[in-house]
Each structure stands twice: as C-alpha cells, then as structure tokens.
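Each in structure tokens, the structures are laid out below.
Next come two complexes built around chain A: one with chain B, the other with chain C.
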Partner chain A sequence: MRHSLTLRIGPATFRIGSAWAQPIDQLARLYADYPDVDGAIADFTVRLQPTSAVRRWVRPSIFITGDHGLADAAPMSLAHGLLAAEMGMNLQMALGWRRHLLLHASSVEKDGRVLVMTGESGSGKSTLAAQLGERGWRLMGDEFALLDLDSGAILPFPRLVSLKNKAIDVIAGEVPAARMGPLLGATAKGDIRHMVPRADAVARMGEGGMPALLLFPRFGSGPAERPVGQGEVFMRLTQASTNYVALGEPGFAALTRFVAQVPARAIDFPSGEAAIAMVDRLWSEIA
Partner chain B sequence: MVGEEFYRREGAEAIIVRPLDDIVLLYHRPSGQTHMVISPVPEILDTMADGLPASATMLRDRLALLYDLGEGDVVGEIGQHLAYLDRIGLVRPA
Partner chain C sequence: MSAALLVMALRDPATTAALDATGWNSLIAMARAERLIGTLAFRLEGLGVPDAVRPILADTRDDAAREARQAIWEADRARAALAPIGLPVILLKGTAYAAAGLPAGRGRFIGDLDILVPRDRIDAAADALVAAGWEWVKEDPYDDAYYRQWMHELPPMIHAERDRMIDVHHTVLPLTARPTPDAAAMMADAVLITDGLYMLCAEDRVCHAAAHLLADGDLQGGLRNLWDIHCLCEESSERQDDFYLCLFEKAAHHQLTAAVWRALRLSHHLFDTEVKAYHVPIEVDYKLRWSDRAFISRLLARNGWGQETRKALVFAFFVRSHWLRMPPLMLARHLLTKWRKGHRPQ
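Moving on, here comes the complex of A and B:
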C-alpha cells in the first residue's frame, strides 16, 4: 500500500498499510517511542483502503481489512483514520492471536505483581488503568491482558489507551499534551482521544508479572464492593476472552489456574478518585 | 427396575475435573467443551468412575452409602441428570 508502518506492541507485530498518509503520520507520532521494527515480519496486517476508487478523494471513506476479516465492519470517515487503524489492530489481535489466552481486560503492575480489571465497554476499566498508570503503577494495557499458558503470568499489550467521552477531560487534565492524540469527534462510540502510555510502560512492554488481584469495576454508583465466587469469575472470564475456545485444553488449564489462585472483587464506584482509593485498599488488604 | 436405562461414563482420560470454590468444571477433551456443574452431578460421575454400566437405581444405592439423599424421587432425579449428561457427551448409553 502507498503508506505503511510496522509496529510492535507487546509480543505482537503489526503492519499497517493505508491509502492515505494521515492515519500513518498520526500513528508514527503517537508510537514514536515504541521499538523500531521496520522490516520485521508482522504477525498481522491491517489495511485501510477506500471503499471505492472515487472515495479516496471525494469525502474519503475507509474500509478496514486485514488477515482476519469482519463481515459487517462499517466504513469510517478519513477523519477517524487513526481510530480505524487502532480498531483494525484490536480486531486482528482478538480474532487471530493464539500464543496466549487473550482477556478483554486492562492491567497494571506494581512490585512485579499485576492487577487485572475486566468489564464491559463503559465499565471504567480503561480510564481506571490510565489513571493508575499516572499514579505509581505501570500501565500494561487498557484493552487486552495476555495470560501466558505455561507460566500463568500476565504479559503487557500497551497500545495507545482509547479514552471515550467524559474520560477524555479527566485524563487530559493530568497528562502532558505531547502524550495525547487528536480529538476524534462524533465517532460511532462518541468522542475518542488516544493517550500514549508513559515511557517506562513502553520500555518494559516485554516484561510480565504474576496476577495478584482481579477486579470487576463498574463506574456509576457505589462505592460498593463484593467478593465474586470462582464460578462467576470463570464464566465472566470465558466471556471476556476472545480465544478461550480456540485454545482448547491449554486455555482451560491456564484459566482455571488463574481463577483458583487470584482473589476477585466487584467494585462499584462513583468517581475515579473513589475507585483509586478502593484499589489501593484492596491491593494492601488482599493482593 | 425393569427397562431402566444403563449408562457408562466416558473414559477417565476424556474428562478433566477441576473443582472451584462454588462449582465444578468439567473439560471434555473429545469435544473441547467446558461444562460448569454443581452437586449432585460431580458426585454422580464419581460413582461411575469404574466405567461399568450403571442405572439410576444402582447409582442411588451407591450415593446413599456416602450422602444423606433425603426424601423424594431420587431415582427419577438421577435419571434426569444421566439423560442430560448423555446429551452433552459425558456419559453414554451402555
């Protein structure tokens, strides 16, 4: 393709090709501190191409494609090209990765031990991970946590953090402008702005840690906290995993070990500050 | 009981049993499916561990040695569990 970039995020290498310069230029700026892997063989290819030849010039409209397709991916406006590239990378990872059990979860690390947070989109797991990443924790990822099938460690996947709607102002208020991407207004998911993880999170993206606490955060009420039984944890994590079924018995062994060993709590919180206080307390009490 | 169905359990190596704190997980290797079950299903499968054909009445008698089964149609209940386990492939008609 006319414009392209090769990126490594955690253990995965992506080649992003685009018919337009703008999404690649934006990615190159935001991923500037990531390892230079130009020429490396990519695990996945993401292609941003026009929905038709004319659409390359007239109200450009992007179609995301790659090794693993999504039948009903809607075309997106070129103004949202950066989002299209990020979505494309997530999609390839979710559909194609087989080397680890992939959990739809955020994760942060302290003293070599990992806090994993999983929940639906809008639960606050991404924002909470971003905030903890600015407060002494190492951000390992806001979207996918990779569970190693042999060691049981959680490995990082520190892509750009995708902030939505109200979370944008919360994070932009405490992060230097150089680490913030452009505001992408009125996407299908509302307003979106990307945040570059801190330099140490990027530099240590090959370094995992053993999981010590699992949280099911839910923004919007509380503060409240409840223990979660292992049966419910197992069920919710199989739902949060995109490749549990595909991995077969090794996935079963890894997930059951995680569930049996890692204490779990559901937390409801009315604000980021309340959530951070709950995390600090639970981390010192049970992790 | 005349006409009662007999079942045998899938081979021991076909099912991986992982008890968690409130449920038991059964991973069925031939199908790759994971099943979440609660009592009395794990106990019924345990009493079929020898792999020999067994009926609901026989299993009721074996379970009665280990557990207080209470009142009610225990044989009927065990029969329903066996039929369900047959549908998901963990036991098969003998």
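Moving on, here comes the complex of A and C:
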C-alpha cells in the first residue's frame, strides 16, 4: 500500500497501510511518543483501501479491513480517516487476539492495583477513565482490558482515547491541545475527538496489575450504587468479551477466577465529578 | 510480490529462514487472506522462526485445533439427526480430513459442514435436520429456487443454537455443469471413518477436490484447495502403489479427467507433488500447458498486504465460473436477474 506505519500498543503490533496519506500522517503525529517499531513484524495488518477504484479520488471513501474484516463494514469518508484506522486496529483485536481474554472495558491503575470499568457504548466508561487518568491514576486503556490467562492480571492497551460528543469538551478543558486530535464531526457515533494518554501511560504500557474492583458505570441518573452478584457479573463479562468463546477452557478458567476474586458494583452518576467521588469512596472502602 | 512467497513457504518451510521482517509480514498477511495460516503454522512447527512470529503461529494452531473440534462435534450432531431416518453421514472436504486425521486436515480452515446424501433422500434429510434445530437461511425466493433446481446442494442451513452452517449435497458439481460425476458410485465407495461418519474413498476425495477447484468456482481460495489435493495425493500414493492409475480410472468414470490432470499438473508445479508419469497403459505427463499458466497466475494473485491483485484475470475467472455452470441463455437470464437485485461482481 502507498502509505504505511507500524505501531505497538501494549502487547500488540499493527502494520497499517492506507491508500491515502492523511490517516497515516495523523496517526504518526498522535502516536509520536509511542515506541518506535518501524519495520517490525506485526501481529496484524490493517488496510484502509478505497471502496472502489473511483473512490480513491472522487469523494474518497474508505473500506476498513485487514487480516480480519467484516464484509459488510460501512464505508467511511476520508475526513474520518483517523477514526477508520483506530476502528481497523480495534477490529483486528476483537476478531483476532488470542493471548488474553479481551474485555470491552476501560481500566486505570493505582499502586499496582487495577480498576476495571465495563459497559455499553455511551455508559461513560471511556470518559471516566480519561478523567481518572488526569487525576493520579494511570490510564491503561479506554476500549479493551486484557485479562492474562495465567496470572489473572489486567494488562494495558493504551491506544488513543476516543471521546464522543459532550465528553469532548469536558476532557479538552483539562488536557493540553498537543494531546488532542482533530475534531471528527458527524461520524456514525456523532462527534469524535481522540486524546493521547499521558506519557506515563505510554511508558508503562507493558506493565499490568491485579484487578481490585469492577464497576459497571452508567451516566445519566443517580447517584446510586448497588452490588452486582457473581452470576450477573459473569454473564455480562462474557457478553463484553469478543474472544471468550474462541479461547475455550482457558478463557472460562480466567473469567471465573476474575469473577470470584474481584468485587463488583454498578454505579449510576449524574456528572463526572459525582462519578469520581464515588470511585474514590468505593476504592478506599472495598478495593 | 505474489503468493509465490506463500507457496514456497508451504512447499519448503526451511526457506523462511531467509525472510526479513517485510517478508514475514507479507507471508502472514497472504496466508491469512488465503486462509492457509493454520496450515502454514503446522508446516513451520519446530522450525526456528523470529520471536515476533512464534506467538502468531501458536495462536493459529490453537484456533485450528478448536475449529477442528467444533467441526467434528457438528458432524456428530448431523449424524445424530440423520440416524433415525437411516442415513449415514458422508463428510466432504475439511471436516472429513479433520475427522479422519488426514495430513490435509492439519491446521486446515474449516468453514461449513459439507455432507453428501442420496438425491432421492434429500428432502427427508432436510426435514430431519430442521427437526434437529437447523434453519433455512436464504431469504431470496430466486436464490432458493435456483439452488433447488440447478445446484448440487440444498440452500445452506444454519443451526439455531450453535450458529454453524451445513451444506447438504447430493452430488459434487452443479447439475448445469458439463461433467456429470457418478454421485451414487461415490456414495457406494465411501469409507468408514468412525462412529457412523464416512468419507469418500481416496480417489474420489481427489476427484471431488479437483472438480471443486477447476470445474466449478472462480478459484477464490484456490491455493487452499490445491494444497488439499497435494496432501491427499502425497498421502494416498505413499500407501498405495497404483494410486494414480486408480485415480485416472475413477476420474474417467466421473467425467473429471481434464480437471484431475490439470490439478495434478498445477500441484506438481507449485507444490512439488510427486506425481508419477505414465506411458503404459495410458499417456500422462506433467508438463505445463499454456492454459495452466493462466490458472497459476490466478492462484498467485495476492500481494504482500493480503490484497487480491490482477483484477482483470480474477474477473475473467469469475466469468468462467458462470460459463462452466450454465448454458449461455440460462447464464444471460441469471445475470440479468442478479443485476436487477443489485449484485455486482467484486
């Protein structure tokens, strides 16, 4: 492919090829402080290619694919090329990663112990992780938490944090402009802006920690809190994992151990400040 | 860059020692695109590979083992569903190779469950499968009618709980194809694998694979099918001295001589299959014909990013696949119907 870049995020290496320069240039700027792995052997190949020959030039349209792809993936405009590249990497992880149990969750670490937050898109888990990452916690990832099958540790996958709609202004107010990506308006999920994690999150991206608390955050009401039983936690985490079935027995063993050992709470919160106060309190009480 | 790199690695795994990082990235991307990564992982097992490659291959081998386990379970479920109506399950392709532990099955990608049943029992088989939880998936009435009237298999069914597809065949080529293989003879000659599961005999396995590769589709995934043929031939000719003569005899009976001979020429050329040339009782040699070169170019049409190359040639083989399946008038009607429904060749 005409333009390409190799990136390492946590334990995974991606070779990203693109028919256009723009997405690669944007990635290169935002991932500038990540390890230099130029020319390395990659775990996954991501391709951003035109949906048809004409669409390279005329109203450019990106088909996201790679080693793993979805035949019916929606085409994206070149203006959203950075998002396409991020989605391409997520797609490879979701469909192809086998070395850890993949949880669709954000995670942050303090004193070697990890807070895992899982929930549907829009639950506020990304925003909350990003905020905690600016307030004394180490951000480990906003999209995937990697559960180690042998040790039970959570390993980081600190890609760019993807902020949506109202969360953009909340975070942009706290973070220097150099760590913010371009505003991508009117995507399928509304406005999106990427944020580069703090330097310590990138420098320590090989370093995991034992999970100490699991939260199911939900933005929009409350504040309210309830304990979540192990059966419910187990079911919700199997649904939040893209490779639970593919891992077979080792995945089951790792997940049951996680569920048995990590206390879980569901929290509803009306604002970021309220959520942070709840997290601080729960962390000191039960984690 | 072409899939010659992948062919070389499969044929002679030791040659991968000379690959640099770009070479490995290309090899892995094209092997994944051709769904030969599992096969490659087993071919490279025990060889020294770069540290970054080792976990990729290990993951792939685990995936292949899980897929084989799932496929064999699915075959067993079909066996249980068809036993009450007295139908044995004759497995075709990947599931057969995995269940029988054939070298062709090592690391092989397995998609759907393919089984062969007598044509006059096909409705009974479908009813029994529906009763056991499989459901029809084709929603388009034209597609459904087309399958039932002209194809060698029923429209695909999917199991409601296990989400796995089954293709129920009554022969190995579409009814509209020019050759008419003797499906009844194939079923009569089928061999027991284990526990009520059968597969085609050694010669028929190659006939079917060659028919599938060269007398039917558009050579999508052709390298994988050709690798099957290579493994099937190597294994059977080692066990049976006159394997190739028996194969030619069967191929003639199934009207598949041209397909089988071309498959052997291609396999010999690309994978070094140890074919045996004959002068008596028949004349067979393995020199490439001019037309073989087009097939080889098509089979190798893949670049180091895993993308398909040689668009015009790929399209030509797409056209050929339809030409093989249908007489001109029927083809025209079919293409018009599909076009109206919004289908376009890739």
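Points to keep in mind about this one:
Operating definition for what follows: the second predicted complex is superposed on the first by the 287 of 287 C-alpha atoms of A that agree within 3 Å, B and C clash if a C-alpha of one lies under 4 Å from a C-alpha of the other, contacts with A are read in each partner's own complex, and residues count from 1 in each chain.
Assume contacts are C-beta pairs under 8 Å (C-beta built on N, C-alpha and C of every residue); 3 or more make two chains touch, one makes a residue touch a chain.
Computed from a predicted model, the values in this text were never measured in an experiment.
In the superposed model, A:13 lies in contact with chain C only, and not with chain B. Of the two partners chain B and chain C, more residues of chain A are touched by C.
Contact with chain C, but none with chain B, is seen for A:1 once the two complexes are overlaid on the shared chain. In the superposition on chain A, A:198 makes contact with neither chain B nor chain C.
Of the two partner chains, neither chain B nor chain C is touched by A:80. Contacts of A:47 after superposition: chain C is touched, whereas chain B is not reached. In the superposed model, A:248 lies in contact with both chain B and chain C.
Contact with chain C, but none with chain B, is seen for A:39 once the two complexes are overlaid on the shared chain.
Once the two complexes are overlaid on the shared chain, A:99 sits against chain C while remaining clear of chain B. When both complexes are overlaid on chain A, the residue A:159 reaches neither chain B nor chain C.
Overlap of the chain B and chain C interfaces on chain A comprises residues 248.
In the complex of the two chains, the chain C residues touching chain A come out as 21-22, 24-25, 28-29, 32-33, 50, 52-53, 55-56, 59, 62-63, 66, 305-307. Chain A meets chain B in the complex at residues 229-231, 234-235, 238, 245, 248-249, 252, 256, 259-260. Residues 16, 18, 20-23, 25, 27, 29, 32, 34, 36 of chain B touch chain A in their complex. Within the complex formed with chain C, the chain A residues making contact are 1, 13, 15, 17, 39-43, 45, 47, 49, 66-68, 98-99, 246, 248.
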